[in-house]
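Structure record follows, encoded as structure tokens.
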Amino acid sequence: MEYTSEFFGTLVLIILGTGTSCQVFLGSSSEVTALPRGDWSSIGLGWAMAVALGVWASGGHINPAVTIALATWRDFPWRKVPGYIAAQLFGGFVGAAIIYGTYSHAINIVEGGVGIRTLKTAGLFSTFPVPYLSTANAFFSEFLATAMLLFGIMMFTDSKSKTCLPSPAFPVGLFFLVFAISAGLGMQTGFATNPARDLGPRILTAMVGYGDKVFTTRDHYWIWCPIIATICGAQVGTLAYDLFLFKGDEGVIQML
Amino acid sequence: MEYTSEFFGTLVLIILGTGTSCQVFLGSSSEVTALPRGDWSSIGLGWAMAVALGVWASGGHINPAVTIALATWRDFPWRKVPGYIAAQLFGGFVGAAIIYGTYSHAINIVEGGVGIRTLKTAGLFSTFPVPYLSTANAFFSEFLATAMLLFGIMMFTDSKSKTCLPSPAFPVGLFFLVFAISAGLGMQTGFATNPARDLGPRILTAMVGYGDKVFTTRDHYWIWCPIIATICGAQVGTLAYDLFLFKGDEGVIQML
Amino acid sequence: MEYTSEFFGTLVLIILGTGTSCQVFLGSSSEVTALPRGDWSSIGLGWAMAVALGVWASGGHINPAVTIALATWRDFPWRKVPGYIAAQLFGGFVGAAIIYGTYSHAINIVEGGVGIRTLKTAGLFSTFPVPYLSTANAFFSEFLATAMLLFGIMMFTDSKSKTCLPSPAFPVGLFFLVFAISAGLGMQTGFATNPARDLGPRILTAMVGYGDKVFTTRDHYWIWCPIIATICGAQVGTLAYDLFLFKGDEGVIQML
Amino acid sequence: MEYTSEFFGTLVLIILGTGTSCQVFLGSSSEVTALPRGDWSSIGLGWAMAVALGVWASGGHINPAVTIALATWRDFPWRKVPGYIAAQLFGGFVGAAIIYGTYSHAINIVEGGVGIRTLKTAGLFSTFPVPYLSTANAFFSEFLATAMLLFGIMMFTDSKSKTCLPSPAFPVGLFFLVFAISAGLGMQTGFATNPARDLGPRILTAMVGYGDKVFTTRDHYWIWCPIIATICGAQVGTLAYDLFLFKGDEGVIQML
């Protein structure tokens, strides 16, 4: 049941989130639609609401970096971690497949043909950094964004703190947090902040015609930033909160 | 009383929602006003708030696809379904009439004359797909959008789930949901997601001078996507939630 | 005390609301600032938050149309009406004076000189319709916007309805309502929906150099639309709610 | 513990807030990224959410003007004021350093070289007025913005008023307030409204290569507006609320 929740929560996240990326980017092409269908604020709002709705749907983590951090620093059991991560990745993969099907015609138009798939539209599904950024810079940017995310999640769920949010309001706080991260730390790397949000759709793109390049580009960027940096950032964000601000009983707070 | 509520809820929805579409599209014409009066985000925010306010006003469904899904999968009585749908359609029709009156002068300017009414402005009242989209694609896009809507509604109203929203907060959750759908799944078909929101205003446009073409265009698009796809999507979205995540007692949860 | 609250509530409303209008319009001039400082969505969000904050500050009406409607259809005492309206108008006047002082230098730049004051910037303080609109159309547009506002207020404060909002959340509902009205019914007249929001600042502009023309333009527009239409709209919006949806005890519900 | 909270709250505020300023401004350069990454609304939303999240994180003041006002007009002990302010300034400094590191490459691109640092990008970290504004005007604009901020904070935390917000909802009210201030009173000075938000990052910029000019420009602007005007505005805003609207027991209300 929990695994099913993780699957559906991540599915909701990816359908609405990558859907927003597709709509804003593809809709900015005059060959697709006469009027632009959003801007960067739409992307921030869309992803932030997608995260909130995914968490409402699942009542869970929908993010391997969160799952691992909660297993490390809270009492979430390690034996559930592999199942959680598998469900999240599978949700991300299926969500990306649904959105790819929905927008494939518009992708054809923007790419210039049915068989053409380049990194230009691969970036609608998984994250790639802006060209000028070194991988070390990108690592730090992802690390920082995910640390802020986990710091915020810990603060919203610290049950003995006066600013702990009640369960139904937690996703609203998360909406604020994700929007602020998208607005302040999203430009350079596309704020993956979630390995499943990035890897699930990336596998899908590799399979439907984008090929190996989604993995090999920039010296295997995909593993350093959207995966390792987010997992490390989540650890440090949680640790920072716990060391300095945590008010709960040690190691017994479960998310939600 | 319930039928009156459905009427007024849908009326509020359509006045504020199609009002937003009119303002953004008509206001983008430099002959109408010097400054643009909104963009796609305005449309998403305006419609999402219109849905929230319509549901606050009525405490009801304001959507035949929702009514039919609740009759199928919850204990909403089938004998009330025809009256609900009639009230919703009538609310949509009257709301569109009020907005048509409010903006008819600006429509004249954009259309280029009093007697000219084309699909260009018909799309302010009911939904039409982007040109490149096949009807099958459009069907899937509407199906998916409505499935997400109902999945979300079921999750917000699942009274035994920890993320069930209290009644006065339910429209706020709905605002998130509708905005995210508009941002991620709205580009291609205009996200009808509600047969009454589409058919009521469509009948009005047919009567005030747009003529048969609002029904006949694209091989009777109006019946396949904004009606059949939304009703089917609502069924599947509800079913998916019930099969995998539903925590309530079977068949006894009523919306709100 | 109540009169003081009305004064401060309207003061907050006008400082933040007309401040937003000034910032967006004046900031769109490249002589004032290099980057635009907002768009129509900013105006909608700014005014909607200004209304919410004004009502939070006062716990009151901050709108003569609301005051008169509550005296007519609820048990708000008529003897307090003149004092309420006077306090609201005075708050609007003082708020406009503060914002005029804040932005007078930028107004000089946009108008082209210290002594030049035209309707171009008078519209930052009080409402004027778009040029093509007949006064009858403008009347209807204001009437409809204010009817929607009061319909919504009655629905949020109907204490026996399941969607009645608790006191601290009422301004949030109002924020949704005012934003949706700005998005869907704001283009043609600037959605005064409040005689004090319009007349207080209008008197200020007449005194600081805009002269009689703010009153005489378009055959005394100021009295027909921002005052008479809003008061009539408020009556009809309240009446519609009471006739068809009101669940409270008759005539005994007080706002907030 | 309280000092640590102030440090982390201000750190969160500055990371997300100045991060937003950097992303919007730097991302608007076509050399940095192909698509703009936000507009003035992003800045308003980003800073308003940053303030809300900073206050959620700390449950505290994160603003010396607030701290001093609460010591003057409420029972916050004066002996804690220096420690609070030091923690806030240090949080602002560290937050700015983190964001400077994150975006230094993009700053190099916009400035035109590694060693070049001008006021053009110094304004991403601390506030500078628009060129036409006199210092007296700027003083008044900051004074007014901070007075509105404190007036609002006092109203949200007035425990005997019916519109007092419960602790977990207080940051949401603050979000409304800060966004409205950014929309209506932010254009001319950049709405510091917080000495630590301005001085902490300003010291950082002086140290990393911008030099003395961040302090000496416009006759020591930095001390008059972002510091003295905000502190005075906070005093007057609090006083206005207390004189006319305060419902609590005198001098015993603590923020949150």
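By letter and in written order, the chains are A, B, C and D; residue numbering begins at 1 in each of them.
In the analysis below, contacts are C-beta pairs under 8 Å (C-beta built on N, C-alpha and C of every residue); 3 or more make two chains touch, one makes a residue touch a chain.
By chain, with names taken from UniProt: A, B, C, D = Aquaporin-like protein.
The structure presented is a predicted model; accordingly, all values stated were derived computationally and were not measured.
Looking at subunit A (Aquaporin-like protein) and subunit B (Aquaporin-like protein), not one chain touches each of them. The angle of the rotation carrying subunit A (Aquaporin-like protein) onto subunit C (Aquaporin-like protein), fitted on C-alpha atoms and rounded to the nearest 5, is 180°. Taking the mean Cα position of each chain as its centre, D sits at the greatest distance from subunit B (Aquaporin-like protein).
Comparing the contact residues of subunit B (Aquaporin-like protein) and subunit C (Aquaporin-like protein) by number shows a mostly separate set, under half of all numbers used being common to the two copies.
Note on chain placement: the centre of subunit B (Aquaporin-like protein) and the centre of subunit D (Aquaporin-like protein) lie 41 Å apart, centres being C-alpha means. Annotation: 29 Å between the Cα-based centres of subunit A (Aquaporin-like protein) and subunit D (Aquaporin-like protein).
Counting only residues that touch two or more partner chains, subunit D (Aquaporin-like protein) has 39, 41, 172. If the chains shown are joined wherever they touch, the resulting network closes on itself as one ring, and no chain has more or fewer than two partners. Interfaces, counted as pairs of touching chains, are A-B, A-D, B-C, C-D.
Considering their complex, residues 28, 39-41, 44, 130, 132-134, 137, 140-141, 144, 148, 151-152, 155-156, 161-166, 169, 172-173, 176-177, 179-181, 183-188, 240, 244-245 of subunit C (Aquaporin-like protein) touch subunit B (Aquaporin-like protein). Those residues of subunit A (Aquaporin-like protein) that touch subunit B (Aquaporin-like protein) in the shared complex are 4-5, 8, 12, 15-20, 22-24, 26-27, 32-33, 35-39, 41-42, 45-46, 49-50, 52-53, 55-57, 59, 98-99, 101-103, 105-106, 109, 167-168, 171-172, 175, 256.
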